[in-house]
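Each of the next two complexes has subunit A plus one other chain: subunit B in the first, subunit C in the second.
Here is the complex of A and B:
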């Protein structure tokens, strides 16, 4: 089932539902899912679509990412019930412990599932990894490719030339 | 099945960051100081102008090489010139160096013109006057003014219709009626935090804010050497300083004042929580406590409640359910505490933070009739930083003997050995409430 090349469809939804159950979903996780389905149906109808053939597309999420998303949601649900405020420490440890690939996954998941707290947390972590770094260091961390065309020529790299022409930005 | 292979249309790991939509890259950059956001322009052509769409600007001259004023001023000028002409969400300017005042003024003016919603300013250089157009910012929601910022004459027509949060951290006032005019211009202000020093020129500090919910006011004496930016100055004469508080919808009040400002406050019927620390001020404190007689949670120090040993003139706190007392003074008996408890008829929880003073002399405290809250309401009692002084034991004995509906007594102590001994002793004492638990933490 995992090897299918089909776009997301209903079977994918069931797949995700199964994952949700397997990580002992709380009410919050179900809410998120139903919210997003509702949202997709709404936008489908708003754009003149026929209700008979709604395809609910769910964001690109691996089981591993989803488990992380749910861990985040559960923690926040618990602590908002208990104290009304969240421990920044927990957030920091949660996001600090993931590698770059997962960080990007969580950032996108937060965005797609409209979990603002998670989206912001991941964004600020990604930002934090750039903080105080040179362009070259940032390229290494995130595996950012310089423009391929410039690489082939013998002239200095485009980025270096740009930095030389705009000293104000790099001092 | 849950073992996750990658979804089919997911990109390979490489450069997923650059492949994000522009709006998401912009979101990430908005968490960076502007200096670091601009540096990403050298990553690749895709990144060249991403930073120009960022709506959060944070300028801090400590990120500039050698903290150079010239380089920093150039940088801010160019960023403001090159960024896309969209609104500014938040603008932060924090300077530890001296900069050309007209330029600083222009930057702040520009931020206000671009509809800034959150504005934060601080400057190690004294005398940065807040530009006039800030007082007409319709979009401004949160304003933080730090040390070095001056509030000069505020225009009579000033209006900040959206301002909800205002922090004034050691701001200088140039004019007598500045504070009144400022708060008058903020019809929906809900949160106000003020840190003052006695050199701020605000002889009459007038907080009259019709929608204010939370007020925090800290007033420090210059001679206390605990602040890093302070240069010692001769303490000015502030005996005629007054502070007027006219906030009918206030819910939280937090006042710390180690000077001798006199207070005039009008009634606050919606007050829920108050924290008052104004030691040895007698009538000034009483004038502050009378309007908050409806408070439900009160934190206060003994030095605030007493002047020259006597309890100040207090109102009856007829709704007070939780009282937290911090002991600072070295005193000789608990009589004042019983007097205090007589004014809190429905008190359910009492916390005493024993602090770091020692007291030895004990008077028998049960001569008079017990306060009524002990007979019918007090359910929890907590003693923090217990040191097993005889006076503390006396208080514990008294509470156990008198509190008829006490459910839990908590004693916080670091010394387990001592605590065990005390526990044994306490368990043997006569108890008025059968249901009472004694807990050590």
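Here is the complex of A and C:
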């Protein structure tokens, strides 16, 4: 029972790896497919594809990211069999040393592969990185190119009102 | 990849992780997408005085934040009826909770108006209102039939009745009757401090509000043991009860028996009551699902009684034993065996307790996070004592404890993950002690050292990235000390230096170094050069509230100008 509750098991990831490497998969049982892979394969077969040579594309997943994802899942599968105590500290160290680009990739991987723990962990870390920063610093860190008060969308008067009201909204 | 490619729902997931909306101010200025997302995620809004004298459109905010659920008007005193009217007529609002505490007059008209459109209001808080009467309560009951939580505690009584409305300026059983006959879904009610409510109200509530779970009736002089007993017997779901000063004598068997009938009771607060060992034993034998217990200022019980009680309730999360004079360090050492699940403990004013108790608790209670030991004795450390580090303890309140540097040093070693520390009125602590503490406890966020005359600076060392709130009113801080704050506390959000008369320099440097500073209090720092011109050009864009050395030193025009920058000048 314990094993079934892990959101995304290690063996499933191996399976994704196999898919990525386009290894034949007919020998593997369907029951271990995660929802998302299952859906993708179903749509692949429904559109007349060959079951033996299905490839599932996972956007933004480089080998380096995947290695990290596997590291995460493996650790969590291990620790869920023992105690939950260890994982909090391990999670902190795991996510703490990651640079921004990789962090965003991990977040997306968690999101796309529906690995909730990883998704939450990366989201918290990204959120934490935003605290106490000026808007300009946040734009630089996360490579965001835009200004809400740009004159294109808001009339100068509207922009002025926004600038006046905005501090009040955060009293 | 460019992060701009991230889908909107991903950013939403990330921004949702940010725990307080005060961080949204900066985020809202990042991009249009962020502005829209933060506006949607915002659930609570506090409207405060003073507002700019120009017409201030609350409705703009109500439109800007479409998912607002909580509005707090506690610090808003002008134009209350107009604001409530706007809230009531906002087409987008799905309000669930409204707080209109601390008012001189109950904003009846605006509230009735809003009742017409926010009938789904679940939580209403009206604490500390002068002239709150039965008429008001009747209107509340009729306007908000879906109410689940109501707090009308501690009204401020005025001797002269309000003659204009013909309203009796206090709540009696008549008002409470309107409540229990109209608001059937009531789960939580706080009637504390309403002197004219009698047992009849409790009977009515018990019989008619079947979902009632939480009741507070502290300082209700006319409520007797009979009312409490009736409620305990007739509200089967009652899980939280707070009363004050009822005498549970060994002879009052029926009352004792009624406590054992409350099968859902999880939180029991009997502040100031005369309880007995018999009562404690009876409750212990009843095995009710107690998680929180408060026997503050209780009398007529002794160590064997409380020991037997705690031996049975070993899963308690919260225990308060304020002003229980017989407790010694040895007693706590004996009791701590039963407190393995405890998360918070309050032992204020147990004057025989010393720092040894703190170390015993740290050693034996592995889940403990929050300790209050105000007005105990922390003067001397027992050197023979074995220390065990406790990584869970986050908060320690130790006001009026005659704390010494030596003692503080040991505490810092035992509790390395402390986040909040309150040392107010500990005049023996020096700057050296605080400096060492900050080395050993790098996680400290709140540090209260007000009224500690011995502390003149934070000392030198690494930058204190975690420190957000520093309360140093009437402490010994001088100009050199102020420099240490500016240098080390770059993430400070609140700074209180009220009454630090030794300060003579300009505080401009501190403000420009602390980029996140939101509130600063300089009241009574009469020698401080207050750089009024600098405040205008905002050296610290986050600054929200300024209390100058002297209110009159800032002219009306200057105040108006600062106000328009969202920076109200307060009298403090």
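Keep this in mind: the second predicted complex is superposed on the first by the 91 of 171 C-alpha atoms of A that agree within 3 Å, B and C clash if a C-alpha of one lies under 4 Å from a C-alpha of the other, contacts with A are read in each partner's own complex, and residues count from 1 in each chain.
Please note the rule applied: a residue touches a chain if its C-beta (ideal position, glycine included) is under 8 Å from a C-beta of that chain, and two chains touch if they have at least 3 such contacts.
In this text the structure is predicted, and so the values were computed from the model without any measurement.
Asker: When the two structures are overlaid on chain A, which partner does A:101 contact: first (subunit B), second (subunit C), both, or neither?
Answerer: After superposition on chain A, A:101 lies in contact with both partners, subunit B and subunit C.
Asker: I'd like to know which partner A:127 touches here: subunit B for first, subunit C for second, both or neither.
Answerer: both
Asker: By the touch definition at the top of the document, which applies to A:64: first (subunit B), second (subunit C), both, or neither?
Answerer: first
Asker: Between subunit B and subunit C, whom does A:165 touch in the aligned arrangement: first, second, both, or neither?
Answerer: Only subunit C; A:165 stays clear of subunit B.
Asker: Going by the contact rule stated at the top, is it subunit B or subunit C that touches a larger number of residues on subunit A?
Answerer: If we count touched residues of subunit A for both partners, the winner is B.
Asker: So, does A:143 touch the first partner subunit B, the second partner subunit C, both, or neither?
Answerer: both
Asker: Once the complexes are superposed, what residues of subunit A are shared between the subunit B interface and the subunit C interface?
Answerer: 60, 101, 104, 107-108, 111, 119-120, 123-124, 126-128, 130-135, 138-139, 142-147, 166, 168-171
Asker: Which residues of subunit C touch subunit A in the complex?
Answerer: Against subunit A, subunit C makes touches at 1-4, 6, 10, 13-18, 21-35, 45-48, 51, 56, 60-61, 64-65, 491, 515-516, 541, 544, 564-567.
Asker: For subunit B, which residues count as touching subunit A in their complex?
Answerer: It comes out as residues 1-10, 13-18, 20, 24, 27-33, 36, 38-45, 47-48, 64-65, 68, 71, 74-75, 78.
Asker: What residues on subunit A touch subunit C, complex-wise?
Answerer: Within the complex, subunit A contacts subunit C at residues 60, 101, 104-105, 107-108, 111, 119-120, 123-124, 126-128, 130-135, 138-139, 142-149, 153, 164-171.
Asker: What part of subunit A is in contact with subunit B in the complex they form?
Answerer: 1-5, 7, 15, 18-19, 22, 60-65, 100-101, 104, 107-108, 111, 119-120, 123-124, 126-128, 130-135, 138-139, 142-147, 158-160, 162-163, 166, 168-171
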